[in-house]
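These are the structures, in structure tokens.
Next come two complexes, and both contain subunit A; in the first it sits with subunit B, in the second with subunit C.
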Partner chain A sequence: MDIWFIVSNTILLACIYGTLAIGISITWSSLGLLNLAYGFIFAFAGYGAWLFAQHVSTSGPAVLAAGILAGALGGVIICAVGFIPIHDKPNFTIRGLIATLAINLIGTQFLLWWFGPRSKSLPEIFGNWSLSLPGMVFTADKVGNVVTSVLILAIVLRWMQSSRRGLEIRAMMMNPHAASIVGIGVRRTSFYVMGITGGLAGLAAVLLSQTYYISPFGGLMPMIKGVSIALCGGLGSVRGAVIAAIVLGLNEALTGISIGGRYVLITQFVVIIVILLLRPRGIAGLLDKAREA
Partner chain B sequence: MNISVSNHLPGAPARQPQREVLNVKGLSAGYGPVRVIHDLDLVVQCGERIGIVGLNGHGKSTLFYAIAGLTGWQRGSIKLNGREVGRTRSQGPGRYTHEIVRAGLALIPQGDEIFHGLTVEEHLDSGAYTAAAWRDRAARKLRILEIFPPLRKLMGVPVGRLSGGERRMVSIGRGLMTDASLFLVDEPSLGLAPKIGKSVINALMAVELGNAAMIIAEQNVALLEGRVDRVIGMHVGKLKGEASAALALNVYRKA
Partner chain C sequence: MSIDRGIKWRNPLFVWGGKRDVEELATIPFRSHQEIWGGTRRSATKLNAVGRLRYYYKWPGHGEAMWNRLRYWPTRRRVLRLRGEYNPKTLRAEKTIVDKRPIWWMLGLLALAIAPLFTPADLQNTLLTAGATFGIYAAISLCWMLIMGTAGVFSLATYAVVGTAAFVTALLAVKFALPWWLLPPIGALVGLVFGGIIALPATRLDGFYYALLTLGLNELCRVYFVTSKEFGSANGGLYGATTYIPEDWSQLGQLLLAYYACFGLMLLALVLYRFVNGRRLGRILRMAPEKREAFAEATGVNFRQARVWVFLISSAALGFIGGFYTSNFGGVAFSIFNFDTVLLGLAMLVIGGVGRAEGAVVGTLIVVFFDQVLNTWGPARFMIIGLIMLLVVLYLRNGLFGIKAQFRAWRDKKKSERRSTRAEKGGEMLPEEATETEDKSVIYQRRHDKMTRDHLKTLVSPEIIEEHRHSLNGQHSEALERLLIYFRTRPQVEKYAIMAVERFEGYRIVALSGHRGVAPRVVEDRIYSTPDEACHGVFMRRVQDLLES
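Our next item is the complex of A and B:
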């Protein structure tokens, strides 16, 4: 068995899925919204990057930036359409679930109608080089994917740690009721949250397009994996999501090499169910040393 | 009830021009089908420290939440610094709270409405919500540390690891970070050991109010006695006794 192949695939998958899972996790815990339109934002950002590459420029960083901006725009649209009108109504959790799911279905059908069923491919963002060391090969897309996602996640988390808006978002994640008492406006903060998590979805869309293609329904599988990783890591915990992404990335790489890629979802859910049976709060339950309020 | 008359009382030689910080008229509020507060009137002048006493479940916290717009529904007029912040609404608790906070309200809620993962310092920062308070938050944090010296050593510790008394200090300190004109303190001594509860009350009494006003809801009347300007009783959603300043004065004269 090729150890290096497993390790590199684990890291690659963990980075991309971790990006998605962190976005879902932050949205859930700060806004109380399980954003099922994430798959649509993913595809929307992919098509945004594709349009940019077709009409403006094919330079790698520019396409990446276009994808992230398109994702952020998608997030803000979802926020304005699906969150703001219903966020203070009774039963918001269920309503939000249904609203975002509806947006997802309508949005992907719209993309299908507008762009057609043929998948699109993006230009190679990180060039086409590779670096050979004894026993291992670094290809451009793998190195680029890992470096970019780690870098952008680090910037986002750093911003959340050090800025005032980040403090507001973290406060809302921990106790939304107390946050409104302190004077944090839910509606304004929600636009920041949805913009940022949308941008993360856009990042993942562009990075994943280096391996797969962009298609109207291409966001579905990444969203399922993102939601399940966020659940497994303990919704609301960024560190839990990172660890869960590594565990499930490892699981996917191991499954792919041992019994075949088509069994990935089965083994993945087995792993998630076992973790949640042992630790109902997910991996975050192990990490969190502070008592709940 | 034995209440000493302090200089702040209206009618005594006024040291500052009297101005209404809070004027509540005909306020009703509740949650769903339950009506907790019934047509309540309350006037608070600037510089006043008021105690509200009453049993569990008689609407002290709901009154505070209604002023902050956090109840399930409410109707009636609430004027904060002459600005109307009350509205008739049937849903959307908390939707307008940030605007009321910006208009000068600091609510220090009952129990531990804290962010358990933030450190003490971040917690105090989160209380400095208005732009002016955010700019000189460093000086304000020093002031809070003077009021609550035990917090000095704990600035980098997540609040979830603190003891009940320390959490209460953080919660109160967070409320004192803004220059609000009305402080609502809900049950500051609840759930604390008597000694610690007493020191928390002492700290609240030591806060310089200036032109602001403070309302303290408390079950333990003995802690407030003789140290606040007025004590108002609350019973099944209505204020009893000295709801208005003029009425209070009459009661003292007769006594």
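Our next item is the complex of A and C:
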């Protein structure tokens, strides 16, 4: 068993899943919306990047940017259709959840109808080189995935720490009611939040498309992984999501090597159940700090 | 102006030859106070004749018939909730059906039971197959409704339980050639075990967290079953189990048998729903709705245990349905684990309305109609179902069957809004003030006062003032008399008085404080030389106060 292989796979998976999970986590804690249309945003961004690569340019960074922009657009659409009309209505949490699921159903079926069931592939964004060190080989897509996702996540988190909009979003995460009292518009901020998280989903879509293909239902598995990690790390906590991403990435890499890829979801489910039985609000979430829905 | 019109007031006391009396004085035309009264009573708000009563048909009841009730033997439970009463106006004995839902249920089930007789011949195959599917999915939806509505656990693992039970029973049936009637009980056992495993986190997690946890469970099962060797990874499912449908029957007979068997399954699920939701477990859980769990716990209601019980019962029932599914179709396809299947199942619950059996059945009917009958439409039919689901979630509080309550709430809101806009008249007291005033007659007193003042303001004119200056005492014209009576009946506070600065030489106007021991207040510097002038000065001040009020 190659320890370096496990480590590098863990890091790779942790980066991509962490990107997804942080998006879901931020959406939940700032808007109170469980965005289960993430699979649709994912596929939407993938197809957006594919269209860009087909018709405009195949240069790596440009395709990446197109994917991120398409994801942000998808997020804004979800916000306009599923969040704005019901965010102040009674029973919002459960209705928002169902609304995003309905959008997911409509959106993925629309993609299936428009693009057909055949999956698409993106050009190689990070080129075709590899880096050889004693004992291990780093391929271009692995290095590129890790570097890009860490870089963009760092930019997003830095932006949330230092900018005016980021301050608004963090205020909403801490206490949405008080935030609205001091003049932070829920509707306006929700567009920023959904744009940012959609962009993160788009980033993950383009990065994962280096390994898998783009298909209408291809967003389902990443969404399940992202939701599981967000849940496991504690909804609303970025640090918790990072820790959970590392734990579940390690679990996936170990399972894949020891007993086979088909058991990945089962072991992951068991790990999550154990963690949640010990800490019902996830790794970082404390019981009393959880967002009241 | 009115001087030009030449309206005069004749002093009836003139003939007595008083010193300062004049025969005629210019005055103003008569103005009725009824105009002001009518104007105040009139409202600009349009009143709509909106029906607000709930109409019930009143059945005649006489003597014993009034108290006769049909009951489920051997219990005391009534089939219909009736109310016997005497009409307070006519004293006629009448019976009212308070809850008509059992009647609608009977009619609906009767329609489903005789529906195969009325299917057109060219659509028979499609419709009867869709009908059988409807029966199975309605049963699944009812069990899911128990989990989601009654137990309040937002589980998305329902189809994982059904599919697992179906696959396990299919495998056993193929391997050991089990008879068909053994499959549902085995399925129930599988469902119970599976439900027991996934109920473990439900004891500690709240609704939404549980939804996120079970989101991946279907995918987990799909990946596991698709990639395993035993469960036929190549041909899209596992088929070859024994079925209860005899091979030697005609096609129509087979279809009808499947239809009625699935219909029976749905009836069984309805009975289960009734017995879980309507009895002890349902009662306990209704005591502990979302966000009020702490209260229920404090009052000694063990809602967690009840939740797990409902979850386990429903899981066993779902497993039973899975076994029935296998024995109906002779096997099961992997598509039962698709995420879209979960979404369609959720659409069935959401469209009808969470927490009601009729919602589950009607929602299933709508979704199955689009999914099975219009199956030539391809992805478009899923988009239509998704759109219906989205619109229902965006605009309805609790599905189609919640429309009635939502409409009533909306109508009540509108009614109270209209009521508040109609409250424009009065105006002398703010609505908040009016509700907090203990003596309600004060409100009407003030309103009357305002109307009086509005009327008196129209009477003030140069002629009247001139008349008052001319004759302070004695007979006055009608308008002036009204003004003076009003002024004289004002309360003591801020009433004016005349103070003699120096007798027969200087007088000034003061305002009484209205309180014993508090000296009057000087209101102006002007000193009048005669009492009459001062008196007219007081009159002018009062007129000014009236016009300013």
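Quick note on the criterion: the second predicted complex is superposed on the first by the 284 of 293 C-alpha atoms of A that agree within 3 Å, B and C clash if a C-alpha of one lies under 4 Å from a C-alpha of the other, contacts with A are read in each partner's own complex, and residues count from 1 in each chain.
Methods note: a residue touches a chain if its C-beta (ideal position, glycine included) is under 8 Å from a C-beta of that chain, and two chains touch if they have at least 3 such contacts.
Computed from a predicted model, the values in this text were never measured in an experiment.
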Partner chain(s) touched by A:S180 [first = subunit B, second = subunit C, both, neither]: first
Which of subunit B and subunit C A:A140 touches, first, second, both or neither: neither
Which of subunit B and subunit C A:L51 touches, first, second, both or neither: neither
Which superposed partner A:P90 touches (first subunit B, second subunit C, both, neither): both
Subunit B versus subunit C as contact partner of A:I6, first or second or both or neither: neither
Which partner reaches more residues of subunit A (counting touched residues only), subunit B or subunit C: C
First (subunit B), second (subunit C), both or neither touched by A:V150: neither
Subunit B versus subunit C as contact partner of A:L167, first or second or both or neither: first
Footprint overlap on subunit A, comparing subunit B with subunit C: 89-90, 293
Subunit B-touching residues of subunit A, taken from the complex the two chains share: 88-90, 164, 167-168, 170-171, 174-175, 177-187, 288-293
Footprint of subunit A on subunit B - complex, ascending: 68, 70, 91-95, 97-99, 101-102, 107, 109, 112-118, 122, 125-127, 129-130, 134, 158-161, 174, 178
Subunit A-facing residues of subunit C, complex: 154, 200-201, 204-209, 211-213, 215-217, 219-220, 223-224, 227-228, 339-340, 343-344, 346-347, 350, 378-380, 382-383, 385-387, 389-390, 393-394, 397-398
Subunit C contact footprint on subunit A (complex, rising order): 34, 36, 39, 81-82, 85-86, 89-91, 93-95, 97-99, 101-106, 108-110, 112-113, 217, 220-221, 223-225, 227-228, 230-231, 235, 262-263, 265-266, 268-269, 272-273, 276-277, 280-281, 293
